[in-house]
Amino acid sequence: MASKFYALVIGAGTGTGSAAARRFAKSYPVVLMARSPASYQDAVDAINAAGGQAVGVSADAADEGSLKAAFARIRDELLPGHQLAAAVYNVGANFKRAPFLEATVEDLDGSLGGNVRGTFLFAQQTIPLLLETAAARPPHPPTLILTGATASLRGAAHCAGFAAGMAARRALGQSLAREFGPRGVHVAHAVVDGVIDIPRTKGTMSTAARRTGSWIRMRYWHLHTQPRSAFTQELDLRPYVEKF
Amino acid sequence: MASKFYALVIGAGTGTGSAAARRFAKSYPVVLMARSPASYQDAVDAINAAGGQAVGVSADAADEGSLKAAFARIRDELLPGHQLAAAVYNVGANFKRAPFLEATVEDLDGSLGGNVRGTFLFAQQTIPLLLETAAARPPHPPTLILTGATASLRGAAHCAGFAAGMAARRALGQSLAREFGPRGVHVAHAVVDGVIDIPRTKGTMSTAARRTGSWIRMRYWHLHTQPRSAFTQELDLRPYVEKF
Amino acid sequence: MASKFYALVIGAGTGTGSAAARRFAKSYPVVLMARSPASYQDAVDAINAAGGQAVGVSADAADEGSLKAAFARIRDELLPGHQLAAAVYNVGANFKRAPFLEATVEDLDGSLGGNVRGTFLFAQQTIPLLLETAAARPPHPPTLILTGATASLRGAAHCAGFAAGMAARRALGQSLAREFGPRGVHVAHAVVDGVIDIPRTKGTMSTAARRTGSWIRMRYWHLHTQPRSAFTQELDLRPYVEKF
Amino acid sequence: MASKFYALVIGAGTGTGSAAARRFAKSYPVVLMARSPASYQDAVDAINAAGGQAVGVSADAADEGSLKAAFARIRDELLPGHQLAAAVYNVGANFKRAPFLEATVEDLDGSLGGNVRGTFLFAQQTIPLLLETAAARPPHPPTLILTGATASLRGAAHCAGFAAGMAARRALGQSLAREFGPRGVHVAHAVVDGVIDIPRTKGTMSTAARRTGSWIRMRYWHLHTQPRSAFTQELDLRPYVEKF
């Protein structure tokens, strides 16, 4: 694959993350990031086996040093001379249902770490790269996609800490879209909900889930291919049976 | 084209409407509706010249009798034995900027007629057809797409009547999605904004506008192809330079 | 009562409308409007019996001529030389629950007439008066309050026509606030919900309902007394048991 | 003052915080909390001088141990035998405008600490007390008020970290309202904006600002006195000149 561009998905261990990576791999080399190889190795192997080019990198999104080291490795060792075409932040941290008075501050901190701090740090690493790409006549506008959930839109009983983290991520996305959209970087927030983002379970994935995964795959790709005359800042994807 | 399904776009005379019709025409026979042939004839001819199958029907969305007659003609004469796969409501009535105290009640009524009453009547004609289609193993879930604008999301000074009509259309769309989504009909609201929906001007359309039109075309099609496990109820499309 | 200012409530026949009128009557002469005296006469009598000054005027909010005649009568006969301090639009038209395919276009038109057209016409009559008041050193900023409902905020299954009308009213309110707030007129939208706005039933009103009415009374008054440095554009009032 | 109930304001050093405390002091003993006496002492003295009963307590909202110690002191030493009638969370942490790529993770952490973690910890301390109060026939429903800002509602360029924190606070408030409203605790989010919340500056406060402060004072009090049949979950207060 001769592309000088690459795509990157963090939180690659979920159904949404690996589905997105598979689709981007049809057009770019892809980097799959997660805290440990257990989360990304299967997807990396599957992409390489199918003729794509994938590498896995371990990093903790909520830890600035870990993230910086990972990006340095991509630049210096893994994909030297390449430019970042698209980055997907797909970490969903600490989803828990619990009565508020039984929730711990550690639960909250876990949600704020993975859902907010991680988004912030990931954006600080990727946006300078995406701005460089914007100046380099890329095939599509450089893109940062944040995965959201219904909890991003409104708080719910027994879900306070997760809702707080996801609402904050959405606010980050809006702020970044307003700041960097005019500079040519497409920042989108995809509200993916319900049974869509099931953990990838070998052998047991239903046809419906596989079909959905295939659709999500396309969807993130389409966000990336939007011309800058028609950026989508937010869209929702939810099963027809889901109440909203 | 052997398909027993067809697609229908009302308000076919705008850039968004004709772009959507052109894309649906790659997979289905299409009906283009507008108040007069002047609005749809060029697009109909272009689709037929390109090897698609298109017919134009004159109808006034805000007039129940006119709309019923048009649907009877489709069923009995134009596409007998076909089922409605996708319907797009793309009428944008009475967009005007004026100080509120200079706006007339006729302006308001024009907005409510084309933007609300028309949506309501069009939905009452199409949803029974889409429910029938849902039961007939269609290639994609039957779809009703409503075109919105930023004014759908919040009122603006000097734009009260249009904002009222578009907010009402959005509320109709939400109500319909909640009622008919669980029955398998995908109801989506697409906030299309800024310079996207320029009137189609022969010979003078810029490359950027043509590229955008091509993208919108794809976008409405993608909404239609979403599996019911991942319906989008609302998305926005706006130029990267647009303030929001 | 020596005040040269007066307040006006249209849709005075509901719990919210009469409660608001009673409170404004402590500070201003009040005009209660509704389509027929049956809706306002009891409240007018009660206010006058309690030492306030109230008059009733019959008018149809959705009919421009009827509304103009009513305002001319106030100016020329009922309260000559007075200025409008506060106007409350409290008409709630055509609330009905019905499956969408059983709703009639007359239901929709009823909702659009009373909920949108009426708001528009009432605002066109009152805003010029409120702008005059703004220039006359009133005790409080001149105020236009629109009563909303949860259906103003989002569509619901089986409630499409009412939701459309109320969403449109809210959009009108936002547009008016953006246009006339900077000119000193306070335009507020009060989302009043659930069991609050029960029809006033002689003798049978529960203590809870009476207490609630008394609170609403205060609430609309407080909106009116906000200094222009702290205008509220929207607030919600809903029972603690109400799901939202 | 014979009341067995008390009110508590944290973030008492701002205009909004001290204004709210002064009004609650007309009906209850009040506790003013802030990180250091410099923030609350003047307001404490002014309330006591005016015949109210006020005490100041130093605590850091974002530090669980500090907060727990403060509440233990209130219970055991300062107001033994009293019940919490109303609690106001008015801390606004780390408001800064900066290009996103110049913002530091410390800025973000400061916003998440004071704006989210602090709200969470404060709610965990106060809600059990408010639930006890709900069972004790209080004069008004026990109330938790969170102060918000326009940044709570949507992200803005150059304001990502603050917007993230405030959006998260709002989501916490919605979650708490949905969980504890049905149990009789009123959780409200007040969007206070623009020039309203100016720091209290001795001698230099303009008449307009003083008048505004006086109105805010009333406003928080009115939220507290709402019967549970008409809880407001959210309202906005913004100057008439403020764009929104």
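Letters A, B, C and D mark the chains as written, and numbering starts fresh at 1 in each.
What we mean here is this: a contact is a pair of C-beta atoms (placed from the backbone, for glycine too) under 8 Å apart; a residue touches a chain by one contact, two chains touch by 3 or more.
Protein names from UniProt, one per chain: A, B, C, D = Oxidoreductase.
These figures come from a predicted structure and were not determined experimentally.
Trainee: Both chain A (Oxidoreductase) and chain D (Oxidoreductase) are touched by which chains?
Mentor: The shared contacts of chain A (Oxidoreductase) and chain D (Oxidoreductase) amount to nothing, since no chain touches both.
Trainee: Just curious, how far off is chain D (Oxidoreductase) from chain B (Oxidoreductase) if you go by their C-alpha centres, in Å?
Mentor: Computed from C-alpha means, the inter-chain centre distance equals 47 Å.
Trainee: In whole angstrom, how far does the Cα centroid of chain B (Oxidoreductase) sit from the Cα centroid of chain C (Oxidoreductase)?
Mentor: 35
Trainee: Between chain C (Oxidoreductase) and chain D (Oxidoreductase), what is the gap in Å from one C-alpha centre to the other?
Mentor: Distance between chain centres: 31 Å.
Trainee: Touching two or more other chains, which residues of chain D (Oxidoreductase) qualify?
Mentor: 178
Trainee: For this entry, which pairs of chains touch?
Mentor: A-B, A-D, B-C, C-D
Trainee: Residue numbers of chain C (Oxidoreductase) touching chain D (Oxidoreductase) in their complex, please.
Mentor: 141, 178, 181-182, 184, 186, 192, 194-196, 208-209, 211-212, 215-216, 218-219, 222, 225-241, 244
Trainee: Within their complex, state which residues of chain B (Oxidoreductase) touch chain C (Oxidoreductase).
Mentor: My answer: residues 64, 99-101, 103, 105, 108-109, 112, 116-117, 120-121, 123-124, 127-128, 151, 154-161, 163-180.
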